[in-house]
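These notes are about the structure you will find just below.
Letters A, B, C and D mark the chains as written, and numbering starts fresh at 1 in each.
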Amino acid sequence: MKALVYKGPGNKVWTDKPKPELQKPTDAIIRISKTTICGTDLHILKGDVPEVVDGRILGHEGVGIVEAVGNGVQQFHVGDRVLISCITSCGKCESCKKGMYSHCEDGGWILGHLIDGTQAEYVRIPYADNSLYPLPAGVDEEALVMLSDILPTGFEIGVLKGNVQPGSTVAIVGAGPVGLAALLTAQFFSPAEIIMIDLDDNRLEVARKFGATQTVNSADGKAAEQVLGLTNQQGVDVAIEAVGISPTFAICQDIVKAGGHIANVGVHGKSVELHLEKLWTHNITLTTGLVDTNSTPMLLKTVTSGKLEPNKLITHRFDLADVLKAYEVFGNAAKENALKVILSQG
Amino acid sequence: MKALVYKGPGNKVWTDKPKPELQKPTDAIIRISKTTICGTDLHILKGDVPEVVDGRILGHEGVGIVEAVGNGVQQFHVGDRVLISCITSCGKCESCKKGMYSHCEDGGWILGHLIDGTQAEYVRIPYADNSLYPLPAGVDEEALVMLSDILPTGFEIGVLKGNVQPGSTVAIVGAGPVGLAALLTAQFFSPAEIIMIDLDDNRLEVARKFGATQTVNSADGKAAEQVLGLTNQQGVDVAIEAVGISPTFAICQDIVKAGGHIANVGVHGKSVELHLEKLWTHNITLTTGLVDTNSTPMLLKTVTSGKLEPNKLITHRFDLADVLKAYEVFGNAAKENALKVILSQG
Amino acid sequence: MKALVYKGPGNKVWTDKPKPELQKPTDAIIRISKTTICGTDLHILKGDVPEVVDGRILGHEGVGIVEAVGNGVQQFHVGDRVLISCITSCGKCESCKKGMYSHCEDGGWILGHLIDGTQAEYVRIPYADNSLYPLPAGVDEEALVMLSDILPTGFEIGVLKGNVQPGSTVAIVGAGPVGLAALLTAQFFSPAEIIMIDLDDNRLEVARKFGATQTVNSADGKAAEQVLGLTNQQGVDVAIEAVGISPTFAICQDIVKAGGHIANVGVHGKSVELHLEKLWTHNITLTTGLVDTNSTPMLLKTVTSGKLEPNKLITHRFDLADVLKAYEVFGNAAKENALKVILSQG
Amino acid sequence: MKALVYKGPGNKVWTDKPKPELQKPTDAIIRISKTTICGTDLHILKGDVPEVVDGRILGHEGVGIVEAVGNGVQQFHVGDRVLISCITSCGKCESCKKGMYSHCEDGGWILGHLIDGTQAEYVRIPYADNSLYPLPAGVDEEALVMLSDILPTGFEIGVLKGNVQPGSTVAIVGAGPVGLAALLTAQFFSPAEIIMIDLDDNRLEVARKFGATQTVNSADGKAAEQVLGLTNQQGVDVAIEAVGISPTFAICQDIVKAGGHIANVGVHGKSVELHLEKLWTHNITLTTGLVDTNSTPMLLKTVTSGKLEPNKLITHRFDLADVLKAYEVFGNAAKENALKVILSQG
C-alpha cells in the first residue's frame, strides 16, 4: 500500500509500505476513508519528537472502514465505519481504570508516533474495542475526522481542565485548529465572554464567526494590557494556552485573576518562566495534559444533533495520494488561510 | 502600649505605640495572650515585602481576650477568649461570597502587613465577627496559636489543593513549620506514604516522629532520584512545595507522576523554571494560594478532640516583652533546633 | 403604608400597616418598585405553612429603591436601586461560611414567612449587605424580579444539584414558573435533550418556545413510558421534579437511568414512596434544597448580557394596589394562561 | 467438581457439577482457595432474588489460583494467585468507560447470580483482565476475601458516596459486616465522630473496638432521639444505611442535618417512605449504589501496608466441603456471634 513515511528530520516520502496485518487478537485493520494533518506532525518532521524513528508512517486522526478484526474484538465487524481515536487504550491498566487513557501503559498516543499511523491506505489499530468508535449514521465523515484529536483535546484539556463555567470570562491564546476547537466547545458552558488572542487577523476573524466575543491581536506585545482593559482590570477566570511557546504562556500568567485557571494545551519544546513570586498568593490552578478522549462519545452526540459543527474547521481538501501537496498548504497555514485539511481515499 | 515595630529593612524595635482604638462598628480590640513569629515576618524584615511601611507593628497570629467591640459586632463580647485568624474577611464581597477570604476586597492578609499586627499588647481586628473564632473551653491556648496561620495553610494550600487521598503517595519538600503542618494534616486522609524532604537531619527526625513514612536529605542534590527510587520510579501523586525557592520547586516537577498534583505553599521571591517541555503531556495540576481559613472551624474541632496536636510544633517560649530574643532564636532556627516560638503576655 | 396581609388560612387583605423601621445597624428599608406572587404564597394562604402567623405581610421577591440604611450597611446607600433576594443571610454563621445561605442561623427564607415581606409599599431587609444586590444599569427591572427566587431556584436546586452536563438527557416534570426557570438555565450546560412533562398543553407549548426538545403530556398516566420511548428505553441522566406531589416524584423514579440524578425542586406537603427495592442498585443521587442564591451574581450578568431573558416568564401586570386581582389571576393559572405576574408601584 | 447449588426458595445442596470451561478468549478458570458467604446469599435462598434460577452455583467472593486462561487474557497466567471481584466488567462499554463497572453492559454483579459463582471448587471468571486482581505477596489470603465485596461496598457506597470528610459526624445504621466495613474505611477520612447503631449489643461492642466513638442500641425505637442528643440536636453530616429496611432508613432521615448526606448501602426488598415534606428544605443528598470496585487497588495497598485489617471481620472458619454447616452458623449470626465465615479448599 501507499503511505506517508517519515525519513528523518526534514524528510518525508509518499511510498510503498507493506499493508498492516493483525498482530494480536484485539487488533483491527482499518482502510482509511479520510485523514488529516496535525500541527504535531509538523513538529515531528522538524525533528522535535525524537522517539519517532525513520520509516514511521505518520498520522493519528481519521475515519475508515473495518477491513479485518482479531478474534478478541467484540464491538466491531468487517465493514463497520469507524472513527479512529488518536489515543489507544487497553482498558485494563491502572491508568485506564482511572479513565486516564492518555497514559495507558500499553497505549496512549502511539499512532504515527511509536507505531505506524493513519496517513496511509490502511492502518492497524491495537485494542480496537477501546480505541475505535462506531460512526453515527448520516453524519458528515469529514466533520468526524475533527473528533479524532482536536475537538476532544480543545474540550478536555482546555475547557474542562480550565473549568469553564456559565458566566466565566475566558481567554484563549492561539486561534489555530486546537484553539478554535476550545472556542467551539467552551460555548457548551455558556461563558459570559470569550476573548481570542492571536497574531493573525484572518484567524481572529474566523474566531469571531465561531463565537468569540472579543479578539485581540498580540502582534504589538500588549495583549495582556488589552485583555485587562476588556475586563475592568480584573483579568479572566480561565486562560487557555493553545500555542506552546514562552510569550503566549506569559500572557496567560498576566491575565489570570485570583482564583482562576490556566489550562495549557500547547505543545511546548522548551521550559517557560513561571512567575511564582507573583502567583504564589493568587490561588490559581494550572493544568497540563494529553487528551484522554473520555468526551468522544458526548462529542459524537453533539455533532449528530447539529449542536457542534466541526466541519467549519476544514479549509482544504485533497486526495490521500496528494498528501505532499496537503503538507505544503498546511505548513504555510497563515499564507494559505488554512485550518484543517482533509485527505480522502475514494 | 509596647509593640514590635518594623523600622525599614533590617531594623525592628520593641517600643511604645498608642493603644489601638475601634475605628468601625465591626472592629474589635483584642488584648494579646499569646502570639508567635512566622517565616513571613523574617521576609518582611529583610525588606522582601515592600508594602510593609516603616512604623508597622508586625505579627498575624495569636490568641487573646476581647477588650472592646463595635456596635456592629454580634458574635463576640468583652472578655471572650478568641483565636485571631491571619486572614481578615468582610463576608460580603464577591471573593468572600465564594469562600475565597484570602482575596477579600477589604481584607485578606492585612495584619502585620497593611495594618498593625499582633506582636503587641493589643491589636485591632476589623470585621471581628468574620475574622475571630471563639476558643473552645479547656484547650491549650498555645496549641491554638498554630491555628492562626500555619495549620490551615498547610492543610488548605498543601493537602486540600494537592488533593491528598486515601492511599496516595505524598512528598513534602521542606520540613519547616508549614511543611510539618502539611505533614500533620495530610494524615487526615490516610495517604499510603508521606516522604519528607529537607536539608536538616534534625527536622527530618522530627518529621519521622510526626508521621513521615520516609525521609530524604536533599543536601546531595539527588532528592528526586531518591524519591523515584522509593516509589518504583513512578513518582508521587502529590508533591507539596513548602520552601519557596527554585531548587525545591524543581524537585517537585521531577517527582510528580502523570495525573499528579504539585501544591505550592512556599513564599517565592523569584520566578522559577517550569518544564512544560516535559510536563505538557503529564496531565498534572499545579496550584498556588494564600490560605482562606475555611478549614479553621474543623481544625479547632480536631484539636479539641485531641486528634491533632499542634503544640508539638512549639519548641521555645518567651515573654512577649522578650520578643527580640525570640526573633534571635527563630532567625537561627537550624542552629537552635527551633520550630515555632510562643510569646506570652501574662 | 398599604400591604397584603395574611389573616389565617383562606384569608388575606390589602390594608394599612405601619411603615417598617430600621431595627439593627445592618438593616435597610426598601421602597418596593416591583414585586410578584410565588406558588409558595398560595401554599401559605391554604394554611400549609403553619409558621406563618396571622398578620404577616406576604411576599419574598422584588426590586426597589433604598429608603434608609443602618450605620452598619456599607455597600448600599439611600437611592440605590436593588434586587431583593428571597434569602436573607448574615454572612457570619457556620452555614453562611459554607455558602449554604438558605440555612443561615439568623436568616434563610424569612421574608413573607417569619418576618414581613415584599407585597407592600415598603419592606425591611435584615443584613442588607448580604441580602441585596445592586441593579445593573439599563436592565429591565421586571426581568430582574425573576432573579429574587425562581431563576436561582431552578438553576441551583434543579440544574446544578441535578448535575446537568453537556450532552445530558434531562427531563423536567412540571412546566410552572420554576420548572420553566430550570428549563431556561439548564441550557447553560448544553444538554442534548430536555424533555418537559406537564398536564397543560399550553404550558408545554411555552416550554417548546423556551427550548424544550420534547414535550410529554402526563394526563394519561403514561409519562414514564413515553419518556422511556423517547430515550431508547434508557431513561434520563437528570430528572428535575418541579411540582411537589407523589405522582410527579414517581415519574422521576421511573425515568432516571443508572448513575443518574433526581433533583427535587417541588414543595412537598406529604411524604412520598421511594422505590429503594429497585433504586438500591441504580447508583442514583437524589437531592433536595432551598435556594442558596450563590448564583445570583452570575445570573445578573447573564440577564445583563442578554443571554438569559427571564421576562419571557411574565404574562400579566398589575398595580401593586391591585394585588388581590393579581392573586385571582395567579390562583387560576391554567385558565388564565398565567406564569408570573408583576405588581408595580409607580 | 463439588459446588453449593441453589435449588429454589429454601433449598440448597452441596453436590457434583461439571467443572467450568473457558467459553471466550477473555475468560479465566480459577481454583477457589478461600470463599465466604454474603448476606445477599441468604436473600437469594429466601427467594428474594428471582433472577437466580434453580441449579445456579452461589457465591461472589473469593481468592484462588488461575487454572486456565483464554488467549485474550494478558495480565494473568496459570498459577497466579488472584482476588476475585464480585463485579465483572468488560472495560469497553459506555458504563465501564465511565468507571461505573457495576452497570457493565456485559457484566456487573453476575457471579452467583446470573452465572455460576464461587462457592465451588472452580469458577469461570469472564473478562479476567478486568475482573481479577493479583494477590500481593505475603498478605493474609483470608483478609483479602473481604475485598471481593464488603470492603469496597462499605467504602464506595457508604463512605465515598456519603462524602465523609475530616471532622464529619457520621452515623452508621447496622453493624453487620458491611456496616462494619463502612466503619473501618470511614476512618480513612478522620471524621470527628462515628456513631454506630444496631439492635445487638455484641455487635455494638465489636463496633467500639473497630473505632466507633459512640454506640446506640435502637431496640427501644429511640435511636434518632439518642443521636440528636449526642450531637447537640444538630444531627449528623453523614448517615449510612446498612440494613435495608424501612425503620432503619427512617432513622437516617431523622438524624441527617441540613446539607448532609444519606448513603444507602442496604439491600431493600420493599419501598420506603421518604419524608420530602420535611426534607425538601434540607439541602440533603441521598445516594444508592452497587459497588463499582474502583477502590479495590487502593484497598489492596492499605491491607498490604497494614493500615486496614479486614481479617478482624472473620469469626468462623470451615472447610469448603462443610459449606452447609457454615450457612447454618452465618444464618444465625446473632446467636453465633458471627460476622464473616471463611471457607477454605486446601
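One rule holds for everything that comes next: a residue touches a chain if its C-beta (ideal position, glycine included) is under 8 Å from a C-beta of that chain, and two chains touch if they have at least 3 such contacts.
Since this is a predicted model, take the numbers as computed values, not measurements.
Student: Shortest hop count from chain B to chain C along touching chains?
Tutor: Steps on the shortest route: 1.
Student: Considering C-D alongside A-C, which chain pair is linked by more C-beta pairs in contact?
Tutor: Looking at A-C and C-D side by side, C-D shows more C-beta contacts.
Student: Distance-wise, how many Å sit between the C-alpha centres of chain C and chain D, to the nearest whole number?
Tutor: For chain C versus chain D, the centre distance works out to 41 Å.
Student: Could you tell me which residues belong to chain D and also touch two or more other chains?
Tutor: 98, in rising order.
Student: Along chain A, where are the residues that touch chain B in the complex?
Tutor: Listed in rising order, the residues are 95, 98, 100, 102-103, 161, 244, 249, 258-259, 264, 266-277, 279-290, 292.
Student: Where on chain C is chain A touching in the complex?
Tutor: Touching chain A: residues 166-167, 187-190, 192, 298-299, 301-302, 305, 307 of chain C.
Student: Help me check something: in the complex, which residues belonging to chain D touch chain A?
Tutor: Against chain A, chain D makes touches at 25-26, 71-72, 74-75, 90-92, 94, 96-99, 129-130, 294, 297.
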